[in-house]
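Quick one: the structure is below, questions incoming.
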Amino acid sequence: MLNVEIGKLHFKNPLILASGILDEAGETMLRIAKSGAGGIVTKSIGKEPREGYENPVVYELPCGLLNAMGLPNPGIENYEDEIKIAKKGGVPIIGSIFGSNPEEFSYLAKKMEDYGADAVELNLSCPHAKGYGMEVGTDLELVEEIVDSVKREIKIPVWAKLTPNTSNIVEIAKAVENADALVLINTLKAMAIDIDAKRPVLKNVFGGLSGKAIKPIGIRAVYEVYREVGKPIIGVGGIENGRDAIEYIMAGASAVEIGTAIYTRGIGIFKEIAKEMEGWMRKNGYSKISQMVGIAQVR
Amino acid sequence: MMYRVVKIEKIKEETPTIKTFFFKDDSKPKPGQFYMIWLPGVDEFPMSISHIGNKKAFTVKRIGKGTTAMHKLKEGDKLWIRGPYGRGFKIENGYALIIGGGSGMATLGPLIERVEGDIIIAARTKDELLFLDRFKDRNVYIATDDGSAGFKGFATDLAKDMMEKRDYSIIYTCGPEIMMRKIIDMAIERGIKVQASLERLMKCGIGICDSCSINGYRVCVDGPVFSEKELVKMEDLGKYKRDSSGRRVPI
Amino acid sequence: MLNVEIGKLHFKNPLILASGILDEAGETMLRIAKSGAGGIVTKSIGKEPREGYENPVVYELPCGLLNAMGLPNPGIENYEDEIKIAKKGGVPIIGSIFGSNPEEFSYLAKKMEDYGADAVELNLSCPHAKGYGMEVGTDLELVEEIVDSVKREIKIPVWAKLTPNTSNIVEIAKAVENADALVLINTLKAMAIDIDAKRPVLKNVFGGLSGKAIKPIGIRAVYEVYREVGKPIIGVGGIENGRDAIEYIMAGASAVEIGTAIYTRGIGIFKEIAKEMEGWMRKNGYSKISQMVGIAQVR
Amino acid sequence: MMYRVVKIEKIKEETPTIKTFFFKDDSKPKPGQFYMIWLPGVDEFPMSISHIGNKKAFTVKRIGKGTTAMHKLKEGDKLWIRGPYGRGFKIENGYALIIGGGSGMATLGPLIERVEGDIIIAARTKDELLFLDRFKDRNVYIATDDGSAGFKGFATDLAKDMMEKRDYSIIYTCGPEIMMRKIIDMAIERGIKVQASLERLMKCGIGICDSCSINGYRVCVDGPVFSEKELVKMEDLGKYKRDSSGRRVPI
């Protein structure tokens, strides 16, 4: 009852592992796949190996997590094995990539396709890496060019992941309308200071806020974009249980991604949320996810 | 969990490269669990709890930037910590063999206080033997690479001898990964239960970043202590690690 | 030990009541003043009386509040008495105003000055009122004009309150650099759906997220703006205790405003937070707020 | 507090304009507390709890959009509620006089079950008298404006008569504000304790929006029940209210 189609891709359930959480190593992804995730987005991969920022890179807040990993990744040339291992899980593997221009994105996308990824997700939205992510993702012409150029380069679906750090996410969504699906949202630019240490906690000072705190912002982004853009939406941000997932779906998402909540509920979260969703759907007379997509839209 | 600040109440020089930092804190760690220590402006790194109870402690080997900065701290200085994290040792019945290599003894300290058994303390050289003092009333066996004290050679060789002489119910170990790999293989071969506390590069410490993973297991949350059932599946143990970028590289 | 100066205004403590929370009626403001607030910002007042949106206008979330009041207010012509009554509290009263163009803002500001307000706060940042707030507040030229025009019109200090719903708050802060102080941040545009009702909770659909959830975003905004703009900053967003207030101050705020936490801790919160701050300051060897302003900045 | 959904188990027609909606809910309200009821797509409004315990209820007078929609609901339909909110009645020792005007009796219902005293049930006309049935075994006195039952005239006049005949320890009242204003003045004049449950326009229900405030008191959090110490300070009571825009207007 939970299976969904996003374009030509089939998912046994709409609960996809979000990029950056337990998805750098192939075997970890394989484990998550076996734990019940409907699909997996890899850590964002760039052209060269990157060590990321020094510790602290993660800080636990009362209502979520703050992170500035700094896009650590082994580099695309070292990533073939990880994808191959992850693929053994039998669920779609979506290769997340980041770059600073259309050429870089296209190159990375082609590699992901060659490695066997089922789709690519363009990270146009990391809030704390200079020259990447949201610095790219709020330049309307640039994101349009990136999407178009990647679309020309590969045959597998292209998902565009957008930043909520903007005054108008609909505008960005329209600029990337050529993508096959939109992923909303990445983290909010944020920081924390330890007053006893008298300094920012994250080594990079700025980081991204994820988890419970940002769910109302993610829901709003999905709701806003759904009414203006005719592409499937993947909702992300603060999903911790079946009700949260259904809330995103009613706002307009066809599927969701889950990150931070793995820290609170563990790797078993995918199976658990699937069960929670099924329970609610049965009680409320729904037999398919698609029956609920966007039904909370008030016109 | 946000940081809490603890004051260093006492510092003990254990060896030329290892110091123990005592502090008070309300948390209730189990042997084998660890904390993330933040030195503001310097670094954050994982550290096992080496003394449990009212007076807690970290026992720290000077390795690089973070631990060197820590060694410069004085009594009265502060540490920012979060934890305890991870899954510690599961105490098994019966007589144990406990094998600590180098600073690995730090992790084993609280466990040793709670189990009966023979203890191998191993180090490169005599001066680097950790906790000789602390466990002077116990059945301690010593191994040094250079033979400056006790058995001359690797801990693994001494352990092998001892396993041949006596039936141990369980082996606990912490130390260099290559040492642990051998110990684990020997234990499994002989059908002896074994628990090993692993060390891998840690960034988040809370199970989300994948930097500490080994063959699908997260050292920070699923470990750091693993038992034979899991250890046999870790093909990379003692052979490959992941560097800071996540690249799989030979150890 | 808590007294601060913001430009020529003197506050006995840096804990100011935020706009929109218990500050529509003069007597309520008077009560808050007597309860220990260092200053009071009024509800945002416009030219005409406005009923605001229909209920529900407020929704309690696990990590904060969602609100879409819809800028209800009695209209500036009916507001003289309220200011006069509030002034009896003996602390600075800052008249918050909203409009859609420089003329409206100037008119309202002049009235506030005439009524005896000690300063005006320009609401350039409400995330859910069509034609006002952030729709105005993200147009760089328009906000600059508004500030300049208000500055020409009145003698009392002008505070500009900015929206975090932008990709670059520093840019906006620079556009309003003629203001005497910057107030950061207003709420984040957000929403919530009740899945059992299958519809958005707020009657207006979209609202603003405040409280604990947004503190890391507010801290980031203050930190970012402090290093680029040479004007005093008032920090707002998710302050619930003395540590939170000090965190904002170390990020660069000279004072703070408190809203949502009144709901969790009650009206006594100002006295309580003042005490918590004094306790921490004493223990850590600070005798003045100004000694802590911006000290967490890493250069 | 987020909404929870409760099912209407029974609906009772109390008067031509008032219905009681029974439901089950785990909250533990005190007499005089209220909930916010949301009818999705229609409105959200405050409602006192009129029956406490295992079977709870709201007793609702049809007034405008929201309450009219509520009156159209059937058994088995759902309500979205948050609460209980506010400060209820503080039960005082001694014999009480309880005065309920119109739907004000809804608020007083649970209190009446918990105190000893005389009860005045007042309404415009006989058909609108609320809870006659529920309190048929109690000392109930009736007043109707049109004299169709009991005392002909206002509740205040009947109350005055009764206060002259007997010494009450405490007066509890809920009803039209002008009625309450008079009762309060009479009580204070005579040195009798008095508690009144006020109704003001409510938006947030949780003490932050200022829409329900009267002379610096928030009805939703500081009230809705106030006692003489506070009531004497409310100059606007019975005279001025605030409209939806916050304007102070004569009642």
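To keep things simple, chains are lettered A, B, C and D as they appear, and every chain counts its residues starting from 1.
To be clear about the criterion, contacts are C-beta pairs under 8 Å (C-beta built on N, C-alpha and C of every residue); 3 or more make two chains touch, one makes a residue touch a chain.
As the structure is a prediction and not an experimental result, all values here were calculated from the model.
Peer 1: Using the contact definition stated above, find the chains touching both chain A and chain B.
Peer 2: none
Peer 1: Mind checking the centre-to-centre distance between chain B and chain C? Centres are C-alpha means, answer in whole Å.
Peer 2: Their C-alpha centroids are separated by 51 Å.
Peer 1: Quick one: report the Å distance separating chain C from chain D, using the average Cα coordinate of each chain.
Peer 2: The mean C-alpha positions of chain C and chain D differ by 36 Å.
Peer 1: Please work out the Cα centroid separation of chain B and chain D, and write it as a whole number of Å.
Peer 2: About 67 Å separates the centre of chain B from that of chain D.
Peer 1: Indicate the residues of chain C shared as contacts by at least two other chains.
Peer 2: In chain C, residues 61-62, 196, 198-199 touch at least two other chains, as defined above.
Peer 1: Chain touch graph shape: choose line, ring, star, complete or other and state it.
Peer 2: line
Peer 1: So which chains actually touch one another? I want all the pairs, not just one.
Peer 2: Pairs flagged as touching, ordered by label: A-B, A-C, C-D.
Peer 1: If we count contacts the way the header does, which residues on chain A are in touch with chain C in the complex?
Peer 2: 61-64, 66, 134, 138, 163, 165-168, 188-193, 195-196, 198-200, 205-206, 209, 212-214, 216-217, 219-220, 223-224, 243, 246-247, 250-251, 280, 284, 295-296, 298
Peer 1: Which chain B residues qualify as touching chain A in the complex?
Peer 2: Residues in contact with chain A: 1-3, 5, 36, 38, 40-41, 43-45, 78, 80, 82, 203-211, 213, 215-216, 218, 242-248.
Peer 1: For the complex, which residues does chain C have touching chain D?
Peer 2: Within the complex, chain C touches chain D at residues 20-25, 27-28, 30-31, 43, 49-52, 54-62, 65, 67, 69, 72-75, 78, 81, 194, 196-199, 201, 259-260, 262-263, 266.
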